[in-house]
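There are two complexes below, and they share subunit A, which is joined by subunit B in the first and by subunit C in the second.
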Partner chain A sequence: MATRRPEGLTASLLIGPATLVVMLSLVLPLALLARYSLNKYDRRTFMIDAFTPENYLRFVTDPFYTGVLWTTFSIAIVTTLLCLILGFPIAYKLARSQTRWKSIGVLLIILPLFIGSTVRALGWMGVLGRGGIIDAAYGALGGSGISLLYTSFAVGIGILSINLPYMILTLQSVIEGIDARLEEAADSLGADPPRRFWHVVLPLALPGIGTGGILVFILAMNAYATPFLLGGARFQMMAPMLYREFAVNNNWPFAAAIAFILMLTTLSLTAVSGLLVQRRYKAQ
Partner chain B sequence: MTDLFTPNRRRLLTLAAGAAAAPFAPAVLRAQEPGRVVMSTWGGDYAKLLTQNIEEPLLKPKGIEVVQDAGTEPTRVAKSIAQRRLPRGSVDVICVQAPAAYDLEDSGLLEPLDESKVPNLKYVQPTFATPYSIPHIYSPQVIAYSPERVKTPPKTFDEMAAYGSKVGILDNSYIWVAMAAALKQQGDPGKIAEVKGTLEKLIKAGARAYTSTEAFAPAIKSGEIDVGLVWHARVLFWTKGGVEMAASFPAEGCLTYVSSMCVLKNAPNKAAAFAYINAALDPRAQRGFADSMGYHPTITNAALEGDVAKRLALPEGAKLLPAPYPQLSAVRDDMNDWWRRLLDRR
Partner chain C sequence: MNTASHLRIEGLTKIYGSAAAVEDVNLDVRQGEMLVLLGPSGCGKTTTLRLVAGFVAATRGRILVEGRDIASLPPYQREMGMVFQSYALFPHLTVAQNVTFGLRMRKLPKAEIDRRLEETLDMVKLTTMADRYPRQLSGGQQQRVALARALAIRPKVLLLDEPLSNLDANLRQSVAREIRQLQRAAGLTALMVTHDQDEAMTMADRLVLMNEGRVQQVGTQEELYEQPLNPFVARFIGHSNLITGELVDADTFRLPGGAVMKLARSYAQRGPHTLALRPERVRLQTEGDVSPPRATARVEDATYVGSHVDYLLSFEDGSSLALHEPTGATGGTRRAMGESVAITWDGLNERLFDADGITVSAMTAPGMTTA
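And now, the complex of A and B:
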């Protein structure tokens, strides 16, 4: 017994390397970024060492920037809800399917993930743009040209198409874990399908809905290529704005502040929704 | 021992050859800056053409090995500024647009240049010469239009702006549109902030702004826009690619895009850096860039011939102007902020 290694030590040894990697590759750069966000921008010297909250104040006091944050949030919420509404039936069907078509269905869901988001955004440009598929079809029906590109609709549909597979796959795995006999039991007790869904399937799938929702919400909040390409110059979201401040204007302190504001907003919203789901789940 | 002092025909010839080469010794030494030069440049076609036209044919024979540090301009500029206090930086030559070269000089980062360091400087066209950088290539800003839909090509900025919702603006060079407006309306391209009203009118009229340069050609092709200010080289490139597009040179003058090369003060291998930018001003290299990219040579001794000469020909009396770099630098940050707010449609 005396030679047995204490459990705590084994655990520390096992998680040690991973913790070290995370510390080095995530926490340190973030700490550095946090430091930068308190500096001052100067065109000639690039960054002046300071300890000022002015970059954060500039963001929160200017309706232009808070407006961009609000647009980003609205797009993220709308696409997350749409992902949920459109994804749930597909995920349910896939999870309950026992035929050989199931694997083909899963493959079809995964397939778009093989293509980068930039390439898919370019594809949408071909569909939505002037002279694109929708425009041509509309013209053939007697319309006088329609361009849906560079609108919030284009950005929404672009993000939706990218995020939907994540939602479906998350939901599918959770629904598969729900015992089908529970639904049969509900049936046998006389519950009609809507009642069965509301009182049996939905509450049990809630953790999956929470996880999937958080996943696609984070992806939408941080979307870069889609709003950049499909939203154009006149549609502003956080990630392209952050990139512009950082890489075009070279204003690293302000870009760092924007990065932290985006990160903190996303994290706190995620935490709040996580708590809500947990509370609801426990209440069941 | 005696052999050493015995003159014979071969020995005499060797001595004579050595004596004859003596006056050229400094040039030979300068031409053989050995080692490595680090070139901070844009990636893609430009980097590839640097290799094809300058590095392989002109520098490799001199024993200069080139390492390219490719990236976007602001990132590379930030890196150079961050390394400013190091006695030896990591970059020798930096390729930037002329306005950024001015900023680097303004920040005190650039090595002064003269003909003793870069002999080919004597051939540089005076319009583009600066004491801190070499103009590598240039392209005038022209009014691109669809010859199919625009029957009378616009000859001035105002004639172009009259197209309202059919005007296309490249978001990343909107400030060049502002300078073109200032040139026409204020008679001075440096009065950039004074033409905010003109740009506002243009945007309110529904002019399109494109985040990527590549979006301009499809927009002309599909009829989304009819006109817009772009670099002449771009028009040549898109025309070559089969897009129906023509260029009109504004009567008030063309602002000119200049791609510069500069040597940093803390360059680890200055001799090789000078050799690099000297080679960039070599007629062979300049013709190579004109042929493949449609950018004009910046030197007086690289006359173009044949098809390239015809494609790149400037109309009689075309006025070329470098951008007013100090004024541009002074207002740029404020203008960028103003432009973003103007574009925002909420």
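And now, the complex of A and C:
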């Protein structure tokens, strides 16, 4: 009689390769980065082995750096909320539509994702910059030249335009999972559209709102090309600043510390919001 | 029962693109009456219900409740209590929150809401389930919550969309009876949709049979069964053999193959007609039968099913006829296959329709004793 291989062994053999890839490509570099962040920076040799918290201390004690983190957080929160407010009606309309316009609508939402964020940021430069579309239109109306480029507004609108499709697609699939009969039931029980939304659609869409919100929040926190191109030198966000420390200043230990601060901030905010959504959902 | 019409539908029409889903439907539902819309799928019965509920906007027509046209009102102002086929209970709310949803939307005082909740849950015997979530209930309990939720708002009209179709077969009868009791006790005017004939027969005060967006016949169970207005009704309610042939004289009906039937009644019309005969209203002619033999056929198949023998007979031209012979009279004997048999029926059980499907009435009616 053939002996059966223990199931645990088969499972670990199957999971093995994937685990190896994750270890090599994610855990190892992170561990290395964590190690770097505790090293010392030196002008000539760039990095000296050490075991010091001074990179982290430098970040949290310098108002410039904490200011950049605060700016990044504000931009991420504002764009996430705007994504939600602007995306929900579109996602709802798409989810409840049953005509052939639906697939056209979905295609229109997906289409911008085919174009890289750098190219789209360049497009916004053409719209917002001096001599751009808005400037020209303003001039034609008799105003003197304006440039909206290199402002938080420009960065916000750039990130918003990039993140909106992700939000809409996430919400659309969640709303499609809400039985339309539930809305009709609310309707027949006397709930007008605002109250139907508040008492039925919103609570049931909450998990999707959480998922979509976390997704675009992470994307906004880590945005690189958009703040780099639309924010310019004066407007600082975490990812471009990290890159400059790493590539321009060659300060790998400090760049590694910034990377960890950004990652931990994003992770903890995500975890907190996830818990809040879960609690609110369970409470119902 | 108050005979005043409580819900009145006039010329109701819904056109999608170029096709009419519902065409010129006219109905009167009396106060406290249960009217059941019956028909095959796609006949327009559900669309009619959704038009009344307000989920679908009518192309034409009026919907009057207590004399007031509500056709242009949004659903949330119509005060219709709807029970959905899938129940559509709010999954994030408890039984109590589901039942009081409509009351909270109406901003009733807390005391009144509590009073009605208790009263309604008591009615559907779910008092102990108030704090459960819908997913923790059985199908039958969910159905009762759906009903309670609709009843709690004291609706002007109760709308039921296939309320029994998601229940186990052995639950259906008791739930059907329960719905009827509650509806009668509350004196509610109700409109129900079903594709199931037995369900319709059990629940209805009166039935509306629909096909292809149009009302085919409105009437009591007896009226639809005994006096179908057209071949569709004859075939859909119960079963009818529909035999096409030609009236060659007052009481001679000739089948395409040349076989001849002697009809029980006499008719003035001539030409192509359809004869409708119910299997249980046709019998094998025996000596001493009050009626003469009306046709001869061959036994193709005979199945003993207990209460009756299920015969499949055929005529010369190949057209067939189902016949149910009660077993009590014959002691359970059945005729052999291939045997030639004489069949007969009484005048009351003979329905004749012309080529347009319109009922043809007899000139004289021997033995007719309609009340």
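Definition applied: the second predicted complex is superposed on the first by the 270 of 284 C-alpha atoms of A that agree within 3 Å, B and C clash if a C-alpha of one lies under 4 Å from a C-alpha of the other, contacts with A are read in each partner's own complex, and residues count from 1 in each chain.
Going forward, a residue touches a chain if its C-beta (ideal position, glycine included) is under 8 Å from a C-beta of that chain, and two chains touch if they have at least 3 such contacts.
Since the model is a prediction, treat every value here as computed from it, not as a measurement.
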First, second, both or neither for A:199, with subunit B first and subunit C second: second
Subunit A: partner with more touched residues, subunit B or subunit C: B
Contacts of A:43 with subunit B and subunit C, given as first, second, both or neither: first
Touched partner set for A:129, first subunit B, second subunit C, both or neither: first
Which superposed partner A:182 touches (first subunit B, second subunit C, both, neither): second
Which of subunit B and subunit C A:274 touches, first, second, both or neither: neither
Which superposed partner A:147 touches (first subunit B, second subunit C, both, neither): first
Partner chain in contact with A:190 - subunit B first, subunit C second, else both or neither: second
Partner chain(s) touched by A:207 [first = subunit B, second = subunit C, both, neither]: neither
Subunit A partner contacts - residues on subunit C that touch it in the complex: 53-55, 74-82, 84, 86, 88-93, 101-102, 105-106, 149-150, 153, 159
Subunit A to subunit C touching residues, read off their complex: 179, 181-182, 184-192, 195-196, 199-200, 203-204, 281, 284
Subunit A-facing residues of subunit B, complex: 72, 74-75, 77-78, 81-82, 103, 106-107, 171-172, 209-212, 218-219, 221-224, 329, 333, 336, 340-341, 343-346
Residues of subunit A touching subunit B in the complex: 43-46, 64, 67-68, 71, 129-131, 145, 147, 228-229, 232-236, 244, 247-250, 252
